[in-house]
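After this come two complexes, each holding chain A, first together with chain B and then together with chain C.
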Partner chain A sequence: MQFLIDNFDLFWDAFLTTLSLSLLACLVALVLGTLLAAMRVSPIAPLRGLATFYVETFRNTPLTVVFFFMIFGLPQIDFVIGFFTGAVLSVGLYTAAFVCEALRSGINSVSPGQAEAARALGLTFGQSLREVVLPQAFRTVVPPLGNVLIAMVKNTSIAAGFSVSELSSLLPRLVNASAGDLTAILVGVVVGYMIITLPSALAVHRIERRVAILR
Partner chain B sequence: MRITRYAAAIAATGVVLAGCSSDAGETTEDAAGGGAEVADDVSFDEGTTMAELAESGTITVGTKFDQPGFGLAGPDGVPEGFDVEMAELIAAELGIATDDIEWVETVSANRESFIQNEDVDMVVATYTINDSRKELIDFAGPYYEAGQDIMVAAGNPLGIEGPDDLAGLNVCSVEGSTPAEEIRTNYPEATLTLFDVYSKCADALRNGQVDAVTTDNVILTGLVAGAPDEFELVGNPFTEEPYGIGITKGDDEFRSFINDTLEASFEDGSWAEAWDRTAGAITGTDAPEPPSVDRY
Partner chain C sequence: MSGVDKWFGELHVLQDIDLSIDRGEVVVVIGPSGSGKSTLCRTINRLESIENGEITIDGQKLPAEGKELAKLRADVGMVFQSFNLFAHKSVLENVTMGPIKVRKQSKADAEKRARELLDRVGVGAQADKVPAQLSGGQQQRVAIARALAMDPKVMLFDEPTSALDPEMINEVLEVMVGLARDGMTMVVVTHEMGFARKAANRVVFMDGGRIVESATPEEFFTNPSSDRAKDFLSKILNH
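Up next is the complex of A and B:
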């Protein structure tokens, strides 16, 4: 316990890095994921193809490889991005594929009659998606989306291997400095992640109850 | 009569088998490029670690698998390098052949726990002796004296001569290593970029994402040797990193035994030979003056 108090500054900085990395990546993933889901259900074949290609590429590539490409691959073609930006993009772009698939399952769960009725009222494809289908889709996907985002928070730990000093990068650093306090270090790191993930899980549960469709 | 014939047959088989095994021994020794001569009649005081190891005929050694010149594992999983040769010297003195050494990969962050949990009998893994580690384990040696140095892009475009020139620059090392801590503490004006392995630092230097890479000179020479057109060593070591052999805390007999073995190897030249075969072959430098063993 004393060890954690002594090194509170380190844990706090690392926690803030993990938190900001998670929030920014979450933003990228949700925006891009929604866009991709819309593309995958759109009537325009090239858009569908493009989105499917994206999802299959990122969903089937290990996150570490995505990181490697961002940090060391892009500079090879003279496209250098900062390490933190690289981490946000890696985690965000990767998670977007999963967000897209979660949303698409929600869209598919809205009965086709809803979309047909919207079209019959004269709404365009975009309008019917925005006003009728997506609001209902989002409700059903709250639990799976929560899963995807919690997994994403933990995935940010891969950034430790790519020069982002987030929570899990404290493990090798502090263990090297004082191997005797291994347990305290582990506890500190785990608690740091839980401070982010547990409230998220609670929030997901709350939202789920609020927006639940009464059938 | 019959029994005698059987006995003769068995004896003959024994001779053939013995012949085979000695052939095999020679072959592996050649493959290892020499290696220490295994002591055949060894005796130690009852109850010591040496007696236990000699009795069992095997020893488990923790070393690095990713350090060219010191401990680098090939596709067959058997490491080669200066650390490996040191461990073989000690094993040979215990009457244990090279083939009977069990190698375990240890990385910087788990070396103490491997010794404390007795997963390994000793750790020879570019292991810097320092006081906070001495609280958990004991060190024999040192058997080599390294120093922290700086690697830059070939031609040294920024004119870096030493750690003071790193102020305001982006310098790369590995998280959880002593060199990274050294920069953090004593050269805080330098911006640290920390990866988990040194090969990523080399990639980042190649891409121009960092201006310099810093760690122990022996590790850097390995990297420079791999890409002499791209990297060069500043060659101005600014710390002292005595490499020791980690063993269980309080095992003073084993520690003295290793120290004796090391000193003997310093004197009879086998230490220098080991250097020439491994790290020296990569860097092209002669064996340095052996360090003096610290019997604390």
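Up next is the complex of A and C:
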């Protein structure tokens, strides 16, 4: 315990890095994931193809490889981004594929009659998606989307291997310096993650109950 | 519509259909299951695409997918067998969505008109509930109000009473008869022979993807010209 108090600044900075990394990556993943899901159900075949290609590429590539590409691959084509930005993009782009698939399963759970009724009223494809299908899809995907985002928070730990001083990066650093405090270090790191993920899980549960829909 | 053909894979569901409907006319389409009558109804606002032939509404050819088609669909009201009310919106919002999003009416105007329409179909008191709280008959009447809110040139009814309990069928049919009396152009796919007798100007009998017979209700029910229609009528009118 004394060890944690003595090194509080270190843990706090690392926690803030993990938190901001998570929030920014979450934003990227939700925006891009929604766009991809809209593309995957669109009537325009090239858009569908493009989104499917994206999803299959990112979903089937290990996140470490995505990081490697962002941080060491892109500079090869003269496109240098910082370690932190690289981490945000890696986690965000990777998670977008999973957000897309979660949303798509939600879209498929909305009965086709809803979209038909919307189109029969004269709403365009975009409008019927925005006004009728997605609001209903979001409600059914709150639990799986919560899973995806909690996994994402934990996936930010890979940034430790790419010079981002987030929570997990404390493990090798502090254990090397003070092996006797291993338990305290582990507890500090795990608690850091939980401060982010547990409230998220709670929020998901709340939202789930709030938006529950009568069918 | 002229020379319309449609296939579902190998199945030739609409075969060389010619049908023209005058303004103010009420056409009832009847026929056995799988005869293509619902599909026919759905091709009119291109919820089903066609392979051959031509469909024109008010002199305008049915456009391909896109903004033009959305514009045309706004003028064609549609009522579905399964109601398809928007489950996440209130009854009132169901009726105002089209006018606000498509016709760009103000919320206040749209709501005023929506309440009038809901009163007209007899569900004014349910305006603030969500669809799942309503009975089937009430939901279908809301669906009719939702279609009417767009001031359609023609209304399509795809088996509007087939999913309803017997005692709720009449409340929906009464609204439809009222619309027919008011001069609405209507295409109604139904098994309700009573409605056909009472409100139709013309009965179209379909079988195997073809229009077998097209006649006034009196003629069709008392003296059908085709054997297939005689056979069909004898089966349904015996009970």
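Rule of thumb we're sticking to: the second predicted complex is superposed on the first by the 215 of 215 C-alpha atoms of A that agree within 3 Å, B and C clash if a C-alpha of one lies under 4 Å from a C-alpha of the other, contacts with A are read in each partner's own complex, and residues count from 1 in each chain.
In this text, a residue touches a chain if its C-beta (ideal position, glycine included) is under 8 Å from a C-beta of that chain, and two chains touch if they have at least 3 such contacts.
Just so you know, these numbers come straight off a predicted model, no measurement behind them.
Legend: residue contacts after superposition of the two complexes on their common chain; A:Q76 is shown touching chain B, with no touch to chain C. Once the two complexes are overlaid on the shared chain, A:G161 sits against chain B while remaining clear of chain C. In the superposition on chain A, contact is made by A:A120 with chain C only, not with chain B.
In the overlay built on the shared chain, the residue A:G180 is in contact with chain B alone; chain C does not reach it. Once the two complexes are overlaid on the shared chain, A:S169 sits against chain B while remaining clear of chain C. With both structures placed on the common chain, the touch criterion links A:S105 to neither chain B nor chain C.
Residues common to the contacts of chain A with chain B and with chain C across the two structures: none. For chain A in complex with chain B, the residues that touch the partner chain are 71-72, 75-76, 80, 83, 160-163, 165, 169, 171-180, 182. Looking at the complex, you find that chain C touches chain A at residues 45, 47, 65, 67, 70-78, 80, 82, 84-88, 97-98, 101-102, 130-133, 143, 146-147, 150.
In the complex of the two chains, the chain A residues touching chain C come out as 43, 111, 113-114, 116-125, 127, 131-132, 135-136, 139, 213-215.
Remark: chain B residues 108-110, 112-113, 132-133, 135-136, 172, 175-178, 180-181, 193-197, 200, 203-204, 207-209 touch chain A in the complex.
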